[in-house]
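Take a look at the structures below.
Shared between the two complexes below is subunit A, which pairs with subunit B and subunit C, respectively.
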Partner chain A sequence: MTMLQIENLRTEFETPRGTVTAVNGVDLHIDNGEIVGLVGESGSGKSVLAQSVMRLVEDPGEITADELLFKGEPLLEKSEAEMTTIRGNEISMVFQDPMNSLNPTITVGEQIAETVRLHQDIGESISLPAEMKRKIIGASKASESWRRAIEMLESVQIPHPESRATDYPHEFSGGMRQRAMIAIALSCEPDLLIADEPTTALDVTIQAQILEELHSILEVFDTSILLITHDLAVVAETCDRVNVMYAGEMVERATTRELFSNPQHPYTQALLASTPQVETAVEELEPIPGTVPEPIDIPYACHFAPRCPEAKEECFEVDPAFRRVGSEDHEAACIRREPVDGEVIENE
Partner chain B sequence: MSETDMTDVGVEDTDRNSSEGPLLQADGLKKYFDQSDGMLDRLLGPASKVKAVDGVDFELGRQETVAVVGESGCGKSTLGKTLLNLHDPTGGEVRLGGTEIGGLSDKEMLPYRKEIQMIFQDPLASLNPRQTVGDIIKAPLEVHGIGEDDADRTERVRSLLDRVGLSPDYLERYPHQFSGGQQQRIGIARALALEPRVLIADEPVSALDVSVQAQILNLLSTFQEEFGLSILFITHDLSVVRYIADRVLVMYLGEIVESAPVDELFESPQHPYTQSLLSSVPRIDPEERSDRITLRGVVPSPMDPPSGCRFHTRCPVVIPPEGWSGTKEAFRSAFRFRNQLLSEDIDIENIETHLEARSGRATTEAVAEEVIADTYPGSPEDLPGGKREAIESAATALAKGDDEEAASIVSEAFPSPCERRTPTEHRHASDHAVRCHRLDPSAPGQPRRIGADDD
Partner chain C sequence: MKKYIAKRVLNALFVVWLVATVVFFGLRAIPGGPVRTMLGAEATEEAVNRMRAELGLDQPLYVQYVEWMIDLVTFDLGQSLTSGEQISVMMASAVPRTLSIALIGVVVGLGIALPTGIISATRKGQRSDYVATVAAFLGLSMPAFFIGILLALVFGVWWGVLPIVGYAPLQEDGIVEWFRRILLPGISVGVPYAAVVMRMTRSSLLEVLDAEYMRTAKAKGVGRTTRLYKHAMQNALIPVVTVAGIQIALVLVGSVTVELVFGIQGIGRLLVDAILDRNYPVTQAVILLVASIMVFMNLSVDIIYTFLDPRIRYGDEAS
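Let's turn to the complex of A and B:
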């Protein structure tokens, strides 16, 4: 079954300087029980895409799409009240900086317990006085929500969850905070977890643990995951399929194995050539010349053409459509690549 | 720019042309931070000190790039700042071209500042937002009196901008008008304005996208060749290290645990900490993934670092004591239990509450059993006779609330040379130094080469 089906999604912001198209006609799909990677550099629009799925794009952002289906339901037609139920209950998000997403004045256990009370029907009062009392005096250790909070901390491998639950976020290490965030995100048993750069601020040793955690989430909670990152190696180790984004557009997509063994889009190739690797001593890295275009000033046709070593005149004139460039579902949006089946995919 | 430019404000003691000995050298360098908050703290007992850098020896050769790697909190940034004399060293020496510069006052340091410059992780935070790029880069020239007049200095700034790949027309712009990569170029231009001999680069590319990161790394390499620059590169990113460094120092809790030429370190790491760090780096090519060595526990506090080898609390391959009759695995499980107990990581109250909730009452025996079931990795059954009982009596003592008794039982039953003796530097190869008892033939226990045995 398809968990998330996105077709031709556009997110635009009206600004005094003109319209900024942060996401420009993007397709993406995530199947049940999959970890899908979304790779791109800063300014590629990958975070805005995630916010668009959650309908959390800030004013004056406008989202349009031919299709934005979550478990077959059109998200763009939901009321704000329905979206609130979906966020947290069915789609959860984890961000790069856990310290900014946790409340520093409330214990970690209570923050998870609160999420449980709000999103799961466990019969505990969530009236304002009841919540205030918990925040000030402390939550009852005998309550069902507290018990579940401890279970969640245990499931994300926090040692001694009972005593750790009474700690405040600053008493946690960076890796433990990110685990706590994952625990909060999972406490509502979502069907889809969107993880936006979840390991970028962490040491490699901790990163390795968190990535393992994502895998066990998939198995234990049966949650599909969209992993957003700029780190190709993280995607290579974690994801089933990869989507590469550049300046608001999807440029290539394939299974992880296929993408990294046979990258086709010039941007993906350039990105790989500029990434230092730990196993091989390279003589010289090849940087991508130039910079990511200003969002207000995106090239007309292929967005990568001004930086592309293979660009021809045509690249600046024709919008590149996706074409099959390798085995199975390997597709790239580049007119310089011959489609393997002679067909160009419409709808871009 | 020519050689005469470089010496127009001469520092007599540091002879630029001398090619003997290392350019920058640290000997037993220490930097402790005082944690006591005020008079009262100082009167009440010994001051607690964070030992951020604790006895570091290192050498930076001419035109060499040395990388310092380690997890956050290992002291690598403090090391950089102490070398630059931005922190007063607590002990040890720093020599630049043979001259002692550690602990010099700001005024005394001034002539040497010209020789050592620094660039930082967050370029925007290190550039004055109210100054134009021209003024920012010109400032060090003015301080050190380089250039004939303002027009000459402006000309120098223009040429510097050009060299770092920015248009000289950007002179009048402000830092926020640039992208992150361009801001880092400005930082580099400012650092290189004085034509230093040493550049200390603290995570200079960590905040940049990979495509831009490669531009900056290549820029640094180019300058290194042109100016004969020596670079101390501080980073947590091992892939970048592989690309840029000639030699690598691996830091753990304020100490250097391993140092080697870059290829040697990546291909044949000897210290268990280096091995686990390297194994944690994600790889693009599935063929190159090896078994990950997961480190247990957290980095101990630098205020009270572990005795002996500081890594022993997390080390996956600690050495059993002489005469140990069981297997190494069994010892390592017991040793982990011991460390958890010693670090007061076992929460008896919780276990009691747990048991009471489950079965109504928590007897001493039941709590002791639960302590073992909960904390002991594997099973104490694997231990040789006598040692099993030690675990049980330690758990019982703990259940009775006698923490000291429990601690002394496990310390006595499961000693390791790793926590008793500080490892000395062992030369694995002429330029490959490791501080690990396992590689030291003179160390007690069962020293063996890592990698070849049963671990």
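Let's turn to the complex of A and C:
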């Protein structure tokens, strides 16, 4: 069954300088129990895509899509009240910067317990007065939600969870804070976890631990994961399938194995060439010249064309539709690649 | 925490001493002494000298300074040069008046500032935000005494619903009369204060609403109102407390002129008269009092911080 089905999703921001199209007609799907990677440089629209799925995009952001189905239900048709019952419960999110993603004035335990209380029927009031009382005089250590919070801290390997639950975020290290974020995200056993660069702000040894954590979660809770990263090593290690995004558009998608062994889109190739690899350490790294264009009225058809070593005149004029370029649903959006089955997949 | 407070109190005493010293010498550097002011320009040299000797002003400056310091340590504020009245008695009558005005000013100020700041921040760019912003700038750009004159005109002269002159002591005339007398002066000093605090509340809350942990709260499924009051407010109040505490000075300064408008014999009135008369001991005493209030407010702000921000722990507690 499909957990998340996205077709032609656009997220636009009306600004005084023009319409910023952060996500420009993107398709994406995630099956049950899958880990799907979303890679791209900074500014490619990965995070906006993730936030669009949960409808976290703030004004003046505008989300439209032909389809945005979560477990078959159209998310864009939900009311804000319905969304609050989905957020943190059925879909949850881990953010990039664990230093600033936790509230500095609420204990870690309460930040987890709150999520439990919001979404699980454990008979604890979530009215504003009740929540303010917990905030000011502290949450009850005997409550079911607090017990669950400690359980969650334990399951993400926080030592002495009973005492650490009463700590404030500043008393946690960066890695521990990200574990706490994961504990919040998993406290209601979501069906889909969106992890937006969960390891970028952490050092390498902690990164490995967090990734392992994500892996074990999948086994325990049967959660699908959308893993957003610019780190191809993380993708290679973790994901079943990969989507490559550039300047608001999807450019290539394939299984992880296929993508790394047979990258087709020039952007993916350039991305791989600019990533250090142990086996081929002799060669020099090749940076991609130029930067990601600002997504305001990009005048050329293929957004990567100005930086592309293979670009020809028609690349600037003809929209690059997806085509099969390898085995197992390996597709790339580049007119310079001959489709293996001779067919160009129409979008829009 | 105790250690910290002890340290801060010592520090405060030092600041108060410094203010006292600066005021002492600063006052005497102003041309024209109290005797000349009292006796007038026609007084003979002999009369002036006799008066100076009587008041002890003929002694060397350092002797006067040391004597005043000794008096201060024994809580003796001395006597007024002009009336001979005990300054402590003058203060006992003036201080409650000014504090009453300041109290109403702060209550009215915060009562206006916090709700409008919150509305303004949560409806940024909407009509209510613009209205609040324009009102705040109006409040900021009008001095307290001018607001006092307007209020006196509207409520006292046109509508005649409130008295506009004098003060009614709480113990003698009861709370209703007391309140009726200080309401207008209180609002007058409260409006500029409200404007400053409102602007701070707005910008601080806007910053917090934009913080990543607020996005986390939304992603957890926390509703809008709970996000605002449980997740944002405490963080937003930290800088507001600083401004609200320090700007009490604005209320006290405003009170000086507002007391003149409403004919209330508070410390503002006392100070203005004392400076005009070159009445050294009274001027010194009043400025010392105001300085002490400010130092105390600063200390209070720092202590309130520890309740608002769990990251701040002072002194001997583990960090």
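Quick note on the criterion: the second predicted complex is superposed on the first by the 341 of 348 C-alpha atoms of A that agree within 3 Å, B and C clash if a C-alpha of one lies under 4 Å from a C-alpha of the other, contacts with A are read in each partner's own complex, and residues count from 1 in each chain.
Following the convention adopted for this analysis, a contact is a pair of C-beta atoms (placed from the backbone, for glycine too) under 8 Å apart; a residue touches a chain by one contact, two chains touch by 3 or more.
Just so it is clear, the structure is predicted and the values come from calculations on it, not from any experiment.
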(request) After aligning the two structures on subunit A, examine subunit B and subunit C and state clash or fit. (result) fit
(request) Tell me which partner A:Thr105 touches in the superposition: subunit B (first), subunit C (second), both or neither. (result) second
(message) Once the two complexes are aligned on chain A, which partner has more residues of subunit A within touching range, subunit B or subunit C?
(response) B
(request) Report, please, how wide the angle is at the C-alpha centre of subunit A between subunit B and subunit C, in steps of 10 degrees. (result) 70
(request) For A:Gly174, decide between first (touching subunit B), second (touching subunit C), both and neither. (result) first
(message) If we overlay the two complexes on their shared chain A, which of subunit B and subunit C does A:Glu286 touch? Say first, second, both or neither.
(response) first
(message) Contacts for A:Met54 in the overlay, against subunit B (first) and subunit C (second): which applies, first, second, both or neither?
(response) second
(request) Return first, second, both or neither, reflecting whether A:Ser274 touches subunit B, subunit C, both chains, or no partner chain. (result) first
(message) Looking at subunit B versus subunit C in the superposed three-chain picture, what is their shortest Cα distance in Å?
(response) 8
(request) Show which residues of subunit A both subunit B and subunit C reach, each in its own complex. (result) none
(request) Using the touch rule from the top, collect the residues of subunit A that touch subunit C in their complex. (result) 54, 56, 80-81, 84-89, 92-93, 95, 97, 100-106, 114-115, 118-119, 126, 128, 131-132, 135, 168, 170, 181, 184
(message) Under the stated contact criterion, what part of subunit B meets subunit A in this complex?
(response) 71-72, 179-181, 209-215, 217-218, 236, 238-240, 242-244, 262-263, 266, 276-278, 280-286, 288-289, 292, 294-295, 298, 345, 347, 349-350, 353-354
(request) Would you pull the subunit A residues touching subunit B in the complex into a rising list? (result) 41-42, 159-160, 162-163, 173-174, 203-205, 207-209, 211, 230-234, 236-238, 257, 260, 270-272, 274-282, 284-288, 291-292
(request) Can you check the complex and tell me which residues of subunit C touch subunit A? (result) 211-213, 215-226, 229-231, 234-235, 308-311
